[in-house]
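The two complexes that follow have subunit A in common; it is paired with subunit B in the first and with subunit C in the second.
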Partner chain A sequence: MTEAFTAAEVLAGTKLPTMEVPISARTVIMGASASRDWQTQHHDHAWAVERAGTRDIFLNTPTQAGWIERYLTDWTGPRGRLGRLRFRMRSSVYPGQTLTFQGVVAEVTIDDAGTTWADLDIDLTVDGETVTECAARIAIPKDDDDNPWAKDAGSWKP
Partner chain B sequence: MTIADADVKDWVGKTLDAGPGDVVVEQGLIQHWCEATENGNPLFWDDEVAEDLTGGPIAPPTMLSVWMRPLMWKPGPDDDSIRPLELHFQLKDAFDLPEGVVANNELEFHAPVRPGDLISTKQSVREISEVKETRLGTGRFWTIDVTYTNQRGETVGVESYAMFSYRRENSP
Partner chain C sequence: MGEGRGELETLTQQTLADRLRDEFVGKPIGEPYEARDPVSLPMIRSWCDAMGDRNPVYSDEERARESIHGGIVAPPTMLQRWTMKGLSNEGPPQAGGLGSRLVEALEGAGFTSVVATNCEQEYTRYLRPGDHLTGTTIIKAVSDEKKTALGSGHFIESQITWTDQTGETVGTQMFRIYYYKQAEKQPSSTAPRPRPAISDDTRFFWEGASGKELLVQRCTSCATLRHPPRPMCANCRSLEWEPAPMSGRGSVYSFVVHHHPPVPGFDLPFVVALVELEEGVRMVSNLTGVTPEEVSIGMPVEAEFVPVDDELTLPLFAPRSAG
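Let's turn to the complex of A and B:
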């Protein structure tokens, strides 16, 4: 249950539940629209194939970041506060594919401002092949009274 | 195939102050983002939760780049002077590489972004590679850093994009 989520349940090696997202043309185009990204390869099939040389339109980068955020905060609940995301796209994600998210906690640390950090490795796969690999750092509540969003500029060190 | 050879050292370290974005942070765009990523985080749907945890509504942190992208159209004289991630497009022009993809993206999140905020960006070129061959085509990798600040001058995020820009045999 996300409401009771605290760092007490989180250790190196803790696995996140797997999430599967079927990708349609609508997923790709709605993501492009929501990110206000009207580069042609994210909405025009013919252009993507003939000009960009890809097999179809594909998920843009901000949409992948948005799905990764959603995957992480489904796990932490609303008190989880993202610090950092670093991701590498090995291949594009196309309509008709199912995108599978898996994550594992690499390390849990507490910084000198008292923030509890979970560092995670997240793997986005299609048919078992990694399409995007991501290192994420998210602040999680140490206990029921802790709220990472209460950190101000001086004590927030992502 | 020839690759235009603009001078790399003229471009590394170049900065661009892109100023404030065209759109003010607002709830409709936040909802559209949550719709597109099926994000049910109550911070973005339940005002009481947002008030309790974040002192009022905020935007999902990963929306950072949304606040940088220009409107595709606005009234007034035609003006193409600023494009999204303008320095990337200037580099593509300078090196004559018509296609581009994002290879790596890094995001660091600072002060929360809230409805009503107006976000400004500064871009800088960190590095540019030698000419490389990949399965997409022949081109160069480069890294552009973007710093995002709100109207109070607070840093809300820092982003870096490693791009591969390239030319295909049938590129114009």
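Let's turn to the complex of A and C:
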């Protein structure tokens, strides 16, 4: 049960379950639309190929962020609270590809406000090649009684 | 491989970059941009649909009410979404956009395509329906002109800060994007094969090929075969010759594999072989029906007449079983 997820079961080196997302034109455009990103390269195939010189339309940045967040909170459950995301997009992600998410815990620390942080390295790959590399910092419950969402502005230090 | 974004080379021409830095770096883009709409449940639900995110505190009102939040909260990564423009893409620059003057300067210099390369977000406070955000964008850096697999262009780094209706910061984002002009298209194999230069000496060879005959010159004085075509026999200096049909069978005497650069009309890599015909003359051609790794010296081959288009038939060589 995700509700029972606590820091007790998280160590440096803990691996997250792999998540696979098949990419279609529909998923690319749905992500662009949900993030209200109407830049042409995220919905118009002919424009992307002829004007931008890419092989197809490609995933926009907010969709990648949204999927990374989902990947993390699918693992932590609703008590996981995202503090920080840093990601570098090395190559574009196109319809027809399958995007694979893999994550590993780099470090677990407790800050001076008592928040338990998991720092993770997340690798987004297509056919085994990294397309986006991400460093994420997410607060996780220390035990059953802890909830990172209870931190107020003064004690939340992402 | 695909469209890699690595920086390969720095060009020396920096005048545009210098000009853009002077004008834009360290300065906010336009006025702070107030979101058109407050944070709202329908938008959160659309986002969760697109992301496949079933976290109940984002979209299940009942469970969210029972949770620590006492109601729906927005996914932190929606931060930028609240201050994006409407679908008409009109109005003042959105948070995250570069503003029309910078974009016009880049587009005016031919850098009309854009990809994002880096994104760093920090979530200071979580958002609830009703929160109303304002975004402020500052240009932090403009790179010199770079060359990547996509084409040449400039990396632009911006920093966005979002505040809520009380003026408190709720999150920040560093965004690095690449404005580029599309790289020249590589020559592709859809281009026609180059035409042979046909002279009075060589016409018989190409006419033979179009009739699926492999012809070489034979001296009518001493019967010595010669190829490529030329006016005089190297053996007896006679200028008289006749075309002689060959069996088409031979073996690979030597070969090279062409990997780079791309050549119009050819798929890379391709094999250029010197084939020794069983009649004794040698002929340069391409091999077909074989991968470069499979080719070896002495490999038995046989002529194959390949009509590459309506006008041109080429005598190429394909592997044959020995004997």
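To be clear about the criterion, the second predicted complex is superposed on the first by the 158 of 158 C-alpha atoms of A that agree within 3 Å, B and C clash if a C-alpha of one lies under 4 Å from a C-alpha of the other, contacts with A are read in each partner's own complex, and residues count from 1 in each chain.
Assume contacts are C-beta pairs under 8 Å (C-beta built on N, C-alpha and C of every residue); 3 or more make two chains touch, one makes a residue touch a chain.
Since we're looking at a predicted model, the values are computed, not measured.
*Asks:* Put the two structures on top of each other at subunit A: do subunit B and subunit C fit, or clash?
*Replies:* Overlaying the two structures gives a clash between subunit B and subunit C.
*Asks:* Could you look at A:82 and tell me whether it touches subunit B, subunit C, both or neither (first, second, both, neither)?
*Replies:* In the superposition, A:82 contacts both subunit B and subunit C.
*Asks:* After the superposition on A, what does A:109 contact: first (subunit B), second (subunit C), both or neither?
*Replies:* neither
*Asks:* Looking at the overlay, does A:24 come into contact with subunit B only (first), subunit C only (second), both, or neither?
*Replies:* neither
*Asks:* Should A:155 be classified as contacting the first partner (subunit B), the second (subunit C), both, or neither?
*Replies:* neither
*Asks:* Check the residue A:55 against both partner chains and state whether it touches subunit B (first), subunit C (second), both, or neither.
*Replies:* Only subunit C is touched by A:55; subunit B is not.
*Asks:* Subunit B clashes with which stretch of subunit C: 38-46, 236-244 or 290-298?
*Replies:* 38-46
*Asks:* Shared contact residues on subunit A for subunit B and subunit C?
*Replies:* 21, 27, 30-31, 33-39, 51-53, 61-63, 65-70, 73, 78-79, 81-89, 147, 149, 153, 156, 158
*Asks:* For the complex, give me every residue of subunit A touching subunit C.
*Replies:* Answer in residue numbers: 21, 27, 30-31, 33-39, 41, 51-55, 58, 60-70, 73, 78-79, 81-92, 94, 147, 149-150, 153, 156, 158.
*Asks:* Applying the document's contact rule, which stretches of subunit B touch subunit A when the two form their complex?
*Replies:* 23, 29, 32-33, 35-43, 49, 53-55, 60-63, 65-66, 69, 72, 84, 99, 101-112, 136-137, 154-155, 161, 168, 171
*Asks:* Quick check: in the complex, which residue numbers of subunit C touch subunit A?
*Replies:* Interface residues on the subunit C side: 2-6, 46-47, 49-53, 55-57, 67-69, 73, 75-78, 80-81, 84-87, 89, 112-126, 150-151, 168, 175, 182-183, 185.
*Asks:* Any idea which subunit A residues touch subunit B in the complex?
*Replies:* Per the touch definition, subunit A meets subunit B at residues 21, 27, 30-31, 33-39, 51-53, 61-63, 65-70, 73-74, 78-79, 81-89, 147, 149, 153, 156, 158.
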